[in-house]
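Below are two complexes that have chain A in common, paired first with chain B and then with chain C.
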Partner chain A sequence: MQTKIMVADDSQMVRQQVRSALAGAGFSVIEAHDGADALSKLDQSGVALLVLDVNMPNMNGLELLEALHKKDEYAKLAVVMLTTEGQPKLMQQAKALGAKGWIIKPFKPEQLVAVAQKLTATTAA
Partner chain B sequence: MSTLKDQAETFVELRECLVAASHELFDAYGMKTQYSPGGAIDPWSDAVMAVIGYAAEGLRGAVVLITAPHVVEQLRPEVLRLGSDVGSDLALRDVLGEFANMLIGRVKNKLLARGLAPLLATPTTFSGSEIQLPVPRSGMSAWHRFSSEAGEIYVRLDATLDANFILPPRQEHVVPPLAEGEMVMF
Partner chain C sequence: MNILRRIVQAVVLPKEITSFEEGYLRRTNRIALVFFALHIPVMVLLAACNGTNPLLALALTSAVVAGPALAVFTFRNPRAISMIHGVAAMFVGGLLVHFGQGPVQIEMHFYFFALLAMLAVFGNPMVILVAAVTVALHHLVLWFALPKSVFNYAAPVWVVAVHAGFVVLESIAGCFIARSFFDNVIGLEKIVRARTSELHGRNRDMRTLLDNVEQGFVTIDREGLPSAERSAALDRWIGEPRAGESLFELLRRSNSDFGELSAVSFTQVTDGVMPAEVMLEQMPHALVIKDSQFHVAYQPITDGDSEAPSHFLVVVSDVTERFNKERAERERAETMALCERLVSDRNAVNDFFDETGELIDAVTAQETTTQATHRMLHTIKGNSAIFGLASLSETCHDLESRIADGALVPEDLVGLREQWTNIRQKAERWLGARGRVIELDVGQQDLLEQAIRSKAPWPTLLAMVNALKLESTDRRLEHFGEQALRIAGRLDKNLDIKLDSGCLRVDPKRWAPFWSAFVHAVRNAVDHGIESPDERAATGKKPHGSIELATRLREDDFVISITDDGRGVDWARVKTRALKLGLPTDGENALRDALFCDGVSTADRITDLSGRGLGMGALREATQSLGGTVEVTTSPGAGTKLSMVFPKRAMSAEVTSMSVRPASHEICQSEQVQ
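Our next item is the complex of A and B:
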């Protein structure tokens, strides 16, 4: 069975880029267009890794991260942030809320694939 | 209290950040651009536009990008140019919106080195013909033209500065934030 990865980003261009990179490496990719959409789609989805933007309408990435952090059922969900933001304070906030990494856009496809393989291997173990 | 001259100088520094960030961004997407200040927008028959607001203590405004649809198509990453929605209005607005997001993100990363951390909004985009953009009633506003083989991209910076706002000097001892394309694992 393919490992499922969700990408939550308000830009369709970014979602397509992430899908193209990860699907090419054998992952199954689910898209969400903001934090609220991601939260509703994560339930029972079996997603192993969430690639998460910060600046999004409705619910931003850090708000979603906080919501997930409070729920036991997402304790094993790995999250990597993918954003234009590079502010150390935001990175510390994400780390404190359990994120595993922070990538600044634009990303290199091979870099994202390597991160996805590493984080989903840990999750499966 | 800063004088009008101080404010004008601060605006020049902000514009320099924006120009440097724009060059870096277009470059990263394979588009060589030549910068010239100002530039009146031709009344194109068709244009795509994206705007993002920002706000920091004592400083707020917006960054506006406007260009022709075929220029946005050129900015679009190659891997996405074969999709079924190529050239669709929604796809082009989305691409320019994300460019505005990446541009303002780069500007923010430059300002972080000055001890300034503006909050960024999400992009609002639209497309149409003969788009007219009123100049903000308060604050300062300037257009920047980036010419490429594909065509012109215009970037407007709007900024309203509080009377006591001062752009902090560059802090050499501050660890620079991660650069674009870099990553860190926690």
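Our next item is the complex of A and C:
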């Protein structure tokens, strides 16, 4: 069974890039266009990794991260931030809320695949 | 001869006696003296028990021990003392054989071999050689003079030869062991000194290299602490680290943002959660210190079989020269493009600088809404691209991205202002006073002359003269056509451009904002309207796409249109986007309206050309501000025609006069550019 990864980003272009990179590496990709959309789709989805943008309408990435942090059922969900933001304070905030890592856009597909493989392997273990 | 020389070299030690060897031999010589001194009571006891004159044993053994005792306290050369010990050892052996006369006298000879072996402890083959010669002479002399002192029977000469043979064999082995002992143990200090000297040499070479190389090299550990060894260039560029200060704290002193981001990013490299190699690539690389640009790169260093890097090599390169060169090259190219444009259409360049200057002022004043700022940046981006200012266009694109991410900060706009000021200062050298220029070709001059000669009424003459101040639309269309071809080239699309200006002129000042917005229609048509050659071939279309740009008079209207033979508007996609934005989607008109709303784009991706869904909104706004309306005619797979329809009076204040004498505007023929 394919490992499920969700990408939450308000940019269609970024979602497509993430999908293209991860689907090519054998992952099943679910898209969400903002934080609220991601939260609604995460329930019962069996997602192992969430690739999360920071700046999004409705519910931004850090708000979603905080919401997930409070729920026990998402304790095993690995989250990696994928954003244009490079502010150390935000990075530390995300880390404190349980994000595994922070990738600054633009990204190389192989980088994302390496991250997904490592984080989903850890989750599976 | 060669073998003999090698034997001598093996037996004779080098002259130099190191302090280590000297200390070792002095200690060993003293121990040996004690060892031989202990033979005195043993010999006396043995002689007493064996009835072989204990007093003589006392006298002879004491005499033998007196030799090395004298040497230990008088000789300076410790190797000489050792050789005395070699001689004494054999005499002690001889005394044991002498005082051990009786049934086990032959067995007492073993002691010679034991002593010979023990002499290897001096690490000097000469000691063994001297001992061997001593025992040989001892046996030879006593065999003749006092045979019972050596053998307890009448041993023939061949027995003596057998004894001598074993002594020779053991001596050879003892010499070999002693020399090996000297070379590898006693000579260790020498070896260490040689290796230390070699290391010092290497260190000196490395230091020279690090002091002179124009690149920053340093290794850091997993805590970011730099090693003591680093290149001098690094100290010059970012300073010397204090005790216990990490590289990132050091960087923070020169560039706080870079240092802080590097420190936080480095924790991702070392915490083992994310792939280290990916996180190393994600480390910030572009370091700016005052006017200098540096590139910082990281290389993992692993120890043994461990996968996790134990250290990291940090390489800092000064790329200021390359950066400045590239920037200068780019500025030169942009200046050339601007000059070309200036030669071909000075007024358009003037208009561009006027309008863009106003937009930059408005954007950097930060008194407008984010949406308005976004639109203005979008317009500056489009106009800059038309006039060949790619760097300004890219800056606007980046700022648009930051707005889209909600991450635009006021500091971001400072760079835009500086960039624009720089461009304007350079351009003003060529623009001079930047006054508007009226160009008059021979045909127009003829028409004017004829009108004057034929004594035309003065209102007609005035209208003709005023019309000269107007801008020919063919110039504008020409520029848009060239831009469309440039964009098509970048996108690997084939394109034919058809221009039809209708020989019309418009007021340049009044129309400048419209032309700025019209560029978005051109970009959209090429980027999203015209299909790729493969897609066109698959749908049975000719490989070259076609775009027609036209300005025409239609009864009482002035119409500006752009027509492409591309894929047409995807209304289903427009509907999807409109729904997401909460816009009305019921009915054709609602969807047409949605097409011009901010954020609605049929593009799958945002490029530096289009896709943000802002251009069409800006175009409709510019059209409406001139009293016009936008008409869209589209057919799936056949193309799209976008018409901006204005009342004729919008063309200029002198529009009535123009219509009286249309001949005065017959300045060109429809033309085709490919």
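The definition used in the following text is that the second predicted complex is superposed on the first by the 125 of 125 C-alpha atoms of A that agree within 3 Å, B and C clash if a C-alpha of one lies under 4 Å from a C-alpha of the other, contacts with A are read in each partner's own complex, and residues count from 1 in each chain.
One rule holds in what follows: a contact is a pair of C-beta atoms (placed from the backbone, for glycine too) under 8 Å apart; a residue touches a chain by one contact, two chains touch by 3 or more.
Everything numeric here is computed off the predicted structure, so don't read it as measured data.
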item	value
Three-chain arrangement built on chain A, chain B and chain C clash or fit	clash
Partner chain in contact with A:Met13 - chain B first, chain C second, else both or neither	both
Contacts of A:Ile104 with chain B and chain C, given as first, second, both or neither	both
First, second, both or neither for A:Asn55, with chain B first and chain C second	both
First, second, both or neither for A:Pro88, with chain B first and chain C second	both
Selected from 495-503, 513-521, 549-557 or 639-647: the stretch of chain C that, after superposition, runs into chain B	513-521
Intersection of the chain A residues that touch chain B with those that touch chain C	11-13, 16, 55, 83-88, 91, 100-104, 108, 111, 115
Residues of chain C touching chain A in the complex	260-261, 263-265, 268, 273-275, 277-279, 281-282, 284, 401-402, 404-407, 580, 604-606, 611
Chain A residues touching chain B - in the complex, by the definition given at the top	10-14, 16-17, 20, 55-57, 83-89, 91, 94-95, 99-108, 111, 115
Chain A-facing residues of chain B, complex	28-29, 76-77, 79-80, 83, 90-91, 94-95, 97-98, 101-102, 104-106, 108-109, 112, 117, 120-122, 175, 177-186
Chain A residues touching chain C - in the complex, by the definition given at the top	11-13, 16, 33, 54-55, 60, 80, 83-88, 91-92, 100-104, 108, 111, 114-115, 118-119, 122
